[in-house]
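Note that the chains take the letters A, B, C and D in the order they are written out, and that residue 1 is the start of every chain.
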């Protein structure tokens, strides 16, 4: 028995606002009846605004992994080469998925401490004179490391290399938290999921697809049915789906779209995440610990992965923090297992929730006997206060 | 604006009980944290009881269509022949899905007015001396027609033909409403979904898989990742899933399992549906209309498809009924479009809801000018009352 | 364990719409903070529209009984005479309450089979040349009998008698179901509650008060604090309450006001209840049973009290109906205990819910061995269908 | 538009747990039907355990103010003297209420900076040789000042004075947060409400009543009906109430009772509040500000009232904090208006919520230009960590 609210500070699923949970808590409706069209259309139109695209969006009843698969099976043929960049655990999982589907991933190794390197991608593409590489796949916000890849730079690199590959971007943990522009940045397939910046429970995933991607899908040889875009043009026009949609999650999605697009506004949402990322990193610095991502401009507004001092177990620290303070933190995955912990600061989140979160980390470090300096919360409060400096000066 | 509750009498999604909606209306939890194991295990163990299997269950974040695909891609190789029986629209869709995946469906034609014919299946299998057919796929309850296929007979037919094909059964609209026995009937892959007898919103799907099916999966050549059973043995032991599960739907599933297994009891649930099917058909007979399914023992406890008198539009009748009485009925699909309507009487349902439903049909027939005799509700009430004859006699 | 929805067909608490329950399912807010003013003002302004008054409304955190007490203690002095009319059980309870408060009720006896008799009231007032009687108290819709009193006639009777008494009306079970006009009918204090036509759970009660009543309150000698109107002028201006309001019920009230005033519209709500009352009585007539209220124009749109055939127990019938069909019906109270049962058809209710309800009554009568003719539901469906006769003729 | 959860840190209404809101989000039931008895009995029995009494509990559909009135009108007669102690605003309001009811309060003045003074009460009672004083009324936790009165000492003082007056205690903001013992401490009427330690929305209030109080009620001359205990013996036996109860709040109450009595356990709840009070006061001290309550052993585990430095407006500070950090704090009432602010740390609350709260205060002080030292949150974290010192030492 624990009192008060659990602090769910993993980097997704994020905290779901009451309004969204309550919106899902309504009777399922007839997904073929006249009233459904508005539900479906609102969801699809809203998601186009979130992806910043005028093209087409597909919504799947699946988790984000399904949208990874959908991006590949709709556009590629058996044996196709795909250039992928090892930003961390999730980039590696996507590569594994490509292999299982019979593709040939070309994997640019990374050190898990930065986003994708556009120059390395450009160099590799320039080598590919025969255009064997059919797609470049990059994770926008690598959830395992807290590093953001510069997608706009990757696009420019592809253009510089005059390479015709499709650009596919995983925004599962960045969409609606970090600025992303499907059309402007020339992305062909954007992959996303519901349980992070969209503030929903898991169970919905998305593809935003360019005209070039649609054209590619007509010639693509991989077999597909559930993920097929073929029957997905309809929904964008009619609001109806080819098979039973996850109706109650769509109720929640429409509530999220109201909040993100029409109430707080996407740019304010991005600014909020950015400020919270800065405050979290100020706390880490005050504790005398290192942020895993070593490229300052790649550091994520969504999560902060923190390196443990040598000889100390991140998982023990997380267990202590959960037991003492009822807070879930993200674990280190595969290559950094037990060596980092991750603080999620995304979704439906605010200054005092962040202060509570950082207090929990600071007390957990102490309770677990991890060497650190006190003062992290204090440092974060100073960063948070800067927003109001003007108001104070004026007062 | 309509007052009172909408009558959602399509044959699924069915009415979701308040308890299940409320169970889903809780904060999403850390699906990698220690508390999740109980949630995952309870769901998987409970579903084994619902499928009546001791083997393995896989839960997908997807709609039922995904579980159709999962059954095929895990067990078969490109070009494999699968014997499928045309019970109606959904059997036809499954066949289309098999084709898209590169399989070779052998389709036994049906007239959409009965369940699968075990003798015809046996005959076809006897012809297949070379065992080209790798799987027999049958829809247990054909949602488009209201006909139940005799799965036990199909198993006996396969055994009689001494054919080694896998038996795959779609129970999307029958599971937890009509008796089904995965192990006893020798089914290899059972496919199901959340939004019918399980009384949940759409968004979860299931495979129950025999040891024989697992063995087949090891040699199966179709490419797969999201649907792959490979990583799904873990969950059955640990309660954790290989990728983010649809956590809040799992909360709802566990509530449904309590209701079905531990409160009402599966056999009582089956008896309830059977009795409601009988009452609904008594109403149809009193109206002087025909039930689409012409084999009495195949008539479904889950839904009743009713044939319209010649020259009358089922869709017009349904539109009138929705407008006047705020009730959604199922439409006729493809071959029987506009010629039948379907009354769902499944899931979280009781006698007075059925009487309200049949009243709506009877008033809708009248309002839409469809020739019929009054007295359907009266006839249904007589059937419903039989259950209490003993109590009256004793009183 | 029962499947499907319980039929709550007592004459209140009525069925609470999902929207209202969900509106209440939000965190309690600071009732002194700036955001609360809108909540409070919306509730008070909306209730003025429901009462059809331009004067003042008071909202209490209490059940309806509290609003009865409030009406009396704010306007009267110890020993004051109040003329009350015995329409049934609730009128009798109100009289008992007046006695406990030290008032002197003059009770005009009634036979519980009609509303108040305006002529009898006029005659009694004419006898009161010394104006000892300070208030006339009438129950608008007597919930124990299903009889509506003609309030407008009572007002005219008081005017004809040139009597200065205050007119107090209990609309606990009529407000927002049966037309009521506080200002136009010259009512001084209207008493109401949340759990009937307002479609809320119990816990809020109301006084609508005329200027004359406010003036009377200044001289009234009964002691009061919780119920005192003195501090209740504030809320009508500011939206804040003198003590902690039942915040979450106010959330629900505001949702109800949207539905009643801005979506369905009060006049449509009244018409809906009237039509359902007619259909219910057609069923009773078809069963060959008697409606308790014998004055046709007094019969209630909110509930129908039905007399049992001699020698049959209403309570046994209700118990059988609850056990067999999971429907709650109202019991006979005091003078008519076990001799009548009451069917509620109010609040968030529609045609198919009524048909389900009447089916449950008809089957319950049969199961309990109560002599009756079949065909009640059929008769009700004919009444319900009349609304659409024009549409059919036009088609 | 604000992101994340509002911090409702007024000293009640407190944060309502999701489980309680969800428990209230169910259809209202028939409060006269057989299933209700369990609901009513569970609530009444559970509340006896919370009050620590074997005697009788009464539950009202009203806010706490109603329970104040009920305590007086059931036991006293017009003109009776009652000894009341001015602990702060709420004690003063209770005195005003007594005056409105025609009682004669004898008010021992206080300075609003401590709980009641048992010695002063004893002295005053000794003067009352004629036993004109019929009741002693004390507020256990004065919500306006954050001072806890020593009820056990008051009882001893009354015994020492050999005075037969009834002892009445307001526990509206202490019950289920601070240890309270109705029977052991010889309290005759305990008054309480739902929206503080019981973690419910406002709308329920309580009286716990001794045999002596019941005896007094038989002779009490004040008029009463809604508040009358006469008909309230029934509910304690049958679970049914004399008039319509606030059913959905009772659903919530039963959930709260499960959490308090059977899950966390009352003694753990008390310890949690005590520890949070200590941590909050450590923060205030670190800021260099003063706690309003100057008697250390009277300082409240439920709330901390903080004095503003001379010349600074508490209301301006609160407005800034609400605007910048979406947190509601309690205001200073009447005598201390604008001079104190109150931090609520009660109900469904935990360490990280407290740290978030104190961070909000510290940042609000800074933003509002209130002179203070930084480090309050840090100081609180140190106090919170003491609980785990043993674990660290052992590790």
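One rule holds in what follows: a contact is a pair of C-beta atoms (placed from the backbone, for glycine too) under 8 Å apart; a residue touches a chain by one contact, two chains touch by 3 or more.
By chain, UniProt protein names: A, B, C, D = Soluble hydrogenase 42 kDa subunit.
Note that this is a predicted model, so its numbers are computed, not measured.
Taking the CA centroid of chain D as reference, the farthest chain centroid is that of B. Chain A and chain C, compared by their mean Cα positions, are separated by 54 Å. The distance from the centre of chain A to the centre of chain D, each centre being the mean of the chain's C-alpha atoms, comes to 45 Å.
Centres computed as Cα averages put chain C at a distance of 35 Å from chain D.
Among the residues of chain C, those touching two or more other chains are numbered 5, 15, 22, 25-27.
The touch graph of these protein chains is complete, with an edge between every pair of chains.
Those residues of chain D whose C-beta lies close enough to touch chain C in the complex are 5-6, 8, 10, 13, 15-16, 21-22, 24-34, 60-66, 69, 78, 96-97, 100-102, 193, 195, 201-203, 222-226, 228, 243-249, 322, 328, 331. Of all residues in chain A, those touching chain C in their complex are 18, 22, 25-27.
Those residues of chain B that touch chain C in the complex are listed here as 1-5, 7, 15, 25, 259, 263-265, 269, 272, 324-327, 348-353, 355-357, 359-360, 362-363, 366-369, 374-375, 377-378, 381, 384-385, 387-388, 391-392, 395.
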